[in-house]
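Heads up, the next two complexes both have subunit A, just with different partners, subunit B and then subunit C.
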Partner chain A sequence: MLVFTALYSIAGLGVAFLLGQCGIVSLAQSVFFGIGAYSSAYCTTHWGWIAPTGFVVGIVASAVIAFAVGWPILRLSGYFLALATLALAMIGQVLFLEWDWLTGGTLGIGGIPKLSLFGFELRTPQRFYYFVWPVAALVLWLYANLLGARNGFAMRAMRDAPAAAAVLGVDTHVLKVKMFVASAMLGSLGGSLFAHYVSFVSVDSFTVDRAIHFLLIAVLGGAKTIVGTVLGSAFVTVMPHWLTGFGDFHPLLFAACLIAAVMFLPDGFGGALQRALRRQGQA
Partner chain B sequence: MAALLEVRDVARSFRGLHVLREVSFEVPEGGIVGLIGPNGAGKSTLFNIVSGFLSADRGRVIYAGTDISDRSVPQRSYAGLVRTFQTPQVFPHLTVIENLMAGCYKHTTTGVVANLFGSRASRAEVRRMRAEADAACDKFGLTTIRDRPAGKLPGGQQRLVELARAVVGKPRLLCLDEPSSGLNTGEVAGLMAALERLAAEGITILLVSHDMDLVKVASVIHVLCFGEIIARGPLGEIRHDPRVREAYLGA
Partner chain C sequence: MLRAEAIEAGYGGLPVLKGLTFGIERNEAVALIGANGAGKSTLVRALCGLLPLTAGRILQDGREIQRLPAHQRTRHGIAVVLESRHLFGELSVRHNLELAAAHGERHGAARRKFRMDDVIGLFPFLGGRLDASVQLLSGGEQQMVAIARALLLHPELLILDEPSTGLSPKVVREIVGALATLRSAGMSILLVEQNVALAVEAADRAYVMSLGLIVQELDAAAWKGVLDDEALLQAYLGS
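This part shows the complex of A and B:
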């Protein structure tokens, strides 16, 4: 569970920073997650290449696709942009299913080798855990750096008041495309890790549901804070699993928890945590 | 002396309504120029065309000897042409100091990759941004509110933050859209003093307003009415112009 939390955090972070820092609602993350997963699966099983090539192929392919698609659609904003990204997720889902020469269609691709690090095979969840969390931490560190730097300020300025940001010299369209590409690369990284962890990928893992799942991580966690993403991702990963103990109506319970979380924690878990810490600091 | 900004025969209509008809005026380098007119005169449209938010149907905008009619807003900003908005556009979730740091964007250069890895250049740049923003806080009397979110401030202070943020970017031509609206008398006096100080520092100011008190600071005033410039000159002169009196007081 904690491994999945980290995996989803990595891809979810891509959505969270688009939403929280750039004001872009993206439902397309499942596509890039899928591209990463299939790249890793195909490169390692079909060609027998070493694992890192799958990561690189996935990240490069995601970046190219995100650029090609992002350039036109990021001229849109608000709901229109959200719908355009949703359409992208649906197209992705169909292509993952139909291009079975590449993705294995409904059968998927199995037998993806486990990752190994310096000859040490990450075949147990524990071992993978110690690998994936540092990767997640690295990604969070990069993200924190970006936020505090020049382009981080420009992103937040663009989110708050796009016209005023343009007056300060920020080319908002170019910046949005850059961030969309970065987000897609993160999604792909998450997808590749996912493929190596579960050893089997099929279209079920990259549906529109998955895209909404990533958006939930961002919204629940509180898109404006970094830690929030990890908490959000823990919630959507651990909670449904834990609730299965309550019987068949567990999806209903999860839905109720979701509604409660959104109602009572409008800034997400991260925002709530931040407020609590601030109160503590003042006391 | 060559004009810093030259608006040449600019016309613009919306669905057949002629908002601007062949408007021409110049802003010489240095000093303050006013552009006034009653509501609906076309001031905002003209202002949007100058700052690049709208394009003109006909006519050119020449800035520092270059035709900038087809340049984007950020490109104009890099050339030194910066505007403010009628309703102040601060970045509400950023603190005052962060707003001003964002104002330093043009004078910084690091790319996204350098930012991600927190390179030395990237960190040095942020320190420089903070120092410049701090200095601007002092200059505009914002030090006591520097760590407050800009969106939570009263309107008058938001205007000041917006002005300070524009000035941090070291503009050559600063275009202010109704900077006194929403300010009380004391704040207007403060604003007038600030504008005169900025002009003395060498920033050329184009002031759009319908506030006759504020435009006292301008050396030349252009009066826009129904899409045409009907009078131009110092305040004392245009005040007695019969067409201006008619436009403002009604026939």
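This part shows the complex of A and C:
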């Protein structure tokens, strides 16, 4: 569970910073997560390349596709943009299924080798855990640095007052495209790690449901906080698993939890935590 | 330095600016006055590139700029303080200003440069509030941050849209004083205002706008006596 929490935190962070810092609702992350996973799977099993090449191929492919698709669709805003990204997720799901020469279709691709570091194979969940959490921490740290840099201020300026950002010289369209590309690269990194961890990928892992899963991480966690992404990821990973103890009612209970979380914590777990810490500091 | 020729623009197919022509020369301050709904803010949005024209052209020093997006017009020396100020609420005063300064760095090497010290000199309160959240400032202080932010783009032409709205007379006086300082430093100013008394103090001449058109051009002499022109004030400003 903790390994998946880290994997989904990495990919979910891409959605969270688009939502929290740029005001963009993206439902396309499942596509980039899939591209990363299939790139790693294909490069290592079909061509026998070493694992890092799969990461690089996935990240580059995701960046190129995000740029090509993002450039036109990021002229849209609000619901229209969200729908455009949903369409991308749906197209991705169909292509992952239909391009079976590349993805294995419903049969998927199995036998993906475990990652190894300096000859030390990460073949157990414990070993992978000690690898993936530092990677997630590094990504979160880089994100924290971005927020304190000029592009971070420009993102928040664009979100809070897009007209004022534009007249200050911020090229809001280019900034959105850059961030969409960065988000896609994070999705791909998460996907590649996922493929090497589970050793088998199929279209079932990259459906529109997965896109909604990433959006839930951002919304429930609180898209404006860094720690929120991790908390959101932990919630959507652990809670459904924990609720399976309630038998057939577990989807219903999970839905009730989601509704309660959105109603009572409108700025997410991260926002609630931040408020609580602030109150404690004032007391 | 800036001339709009027969410009038309609007929202969702509804025309607001209906073939409007006006101009501002280098080193002059011009007021644009008109009642609510005259199209003043629409004109500001069209001039700074936030609203595309459906007809006409905008010339800056003879060069057409109407196709340039907003962020590029800034590079060409046009800075705007939008109505309602549009500050970045989650950022501090310092970060609001630094964001502008960072973009201003890349603009016109030949233009007069405004540094942080210059804007603090113009609005001394800024010096003590740099790390405050802009949300905690009064309306007048926010307006000064908005003007300071625009100045850090090193503009040749500063466009202000209703800078006195909702401000106390004392703050308005401070802003008029700052505009006078900028004028004496050679900056061109386009002041869009409903407050005619303020506009008379700050501008050399004026245009009167009504229903998307310039209906009257007031030269310096006519402009200085405008407050006594009951007929004009009643006809176009409803006051």
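One rule holds in what follows: the second predicted complex is superposed on the first by the 283 of 283 C-alpha atoms of A that agree within 3 Å, B and C clash if a C-alpha of one lies under 4 Å from a C-alpha of the other, contacts with A are read in each partner's own complex, and residues count from 1 in each chain.
Keep in mind that, in the parts below, a contact is a pair of C-beta atoms (placed from the backbone, for glycine too) under 8 Å apart; a residue touches a chain by one contact, two chains touch by 3 or more.
The shown structure was predicted, so the numbers you read here are calculated from the model rather than taken from an experiment.
Aligning the two structures on subunit A places subunit B and subunit C in clashing positions.
Counting the residues of subunit A touched by each of subunit B and subunit C gives the higher count for B. In the superposition on chain A, contact of A:K178 is made with subunit B only, not with subunit C.
Once the two complexes are laid over each other on the shared chain, residue contacts for A:V69 go to neither subunit B nor subunit C.
By the touch criterion defined above, A:A161 lies against subunit B and subunit C together after alignment on the C-alpha atoms of chain A. In the superposed model, A:A149 makes contact with subunit B only, not with subunit C. In the superposition on chain A, contact of A:A261 is made with neither subunit B nor subunit C. Once the two complexes are overlaid on the shared chain, A:A272 sits clear of subunit B and of subunit C alike. Common to the subunit B-facing and subunit C-facing surfaces of subunit A are residues 150, 153-154, 156-157, 160-161, 163-172. Those residues of subunit A that touch subunit C in the complex are listed here as 150, 153-154, 156-157, 160-161, 163-172.
Here subunit A touches subunit B in the complex through residues 142-143, 145-146, 148-154, 156-157, 159-161, 163-172, 178, 182, 224, going by the rule given at the top. Listing the residues of subunit B that touch subunit A in their complex gives 51, 53, 72-74, 77-78, 82-85, 89-94, 98, 101-103, 105-106, 108-112, 114-118, 122-123, 125-126, 129, 151, 162, 165-166, 169. Residues 45, 48-50, 69-71, 73-75, 79-80, 82, 86-91, 95, 98-100, 102-104, 106-107, 149, 153 of subunit C are the ones that touch subunit A when the two sit in their complex.
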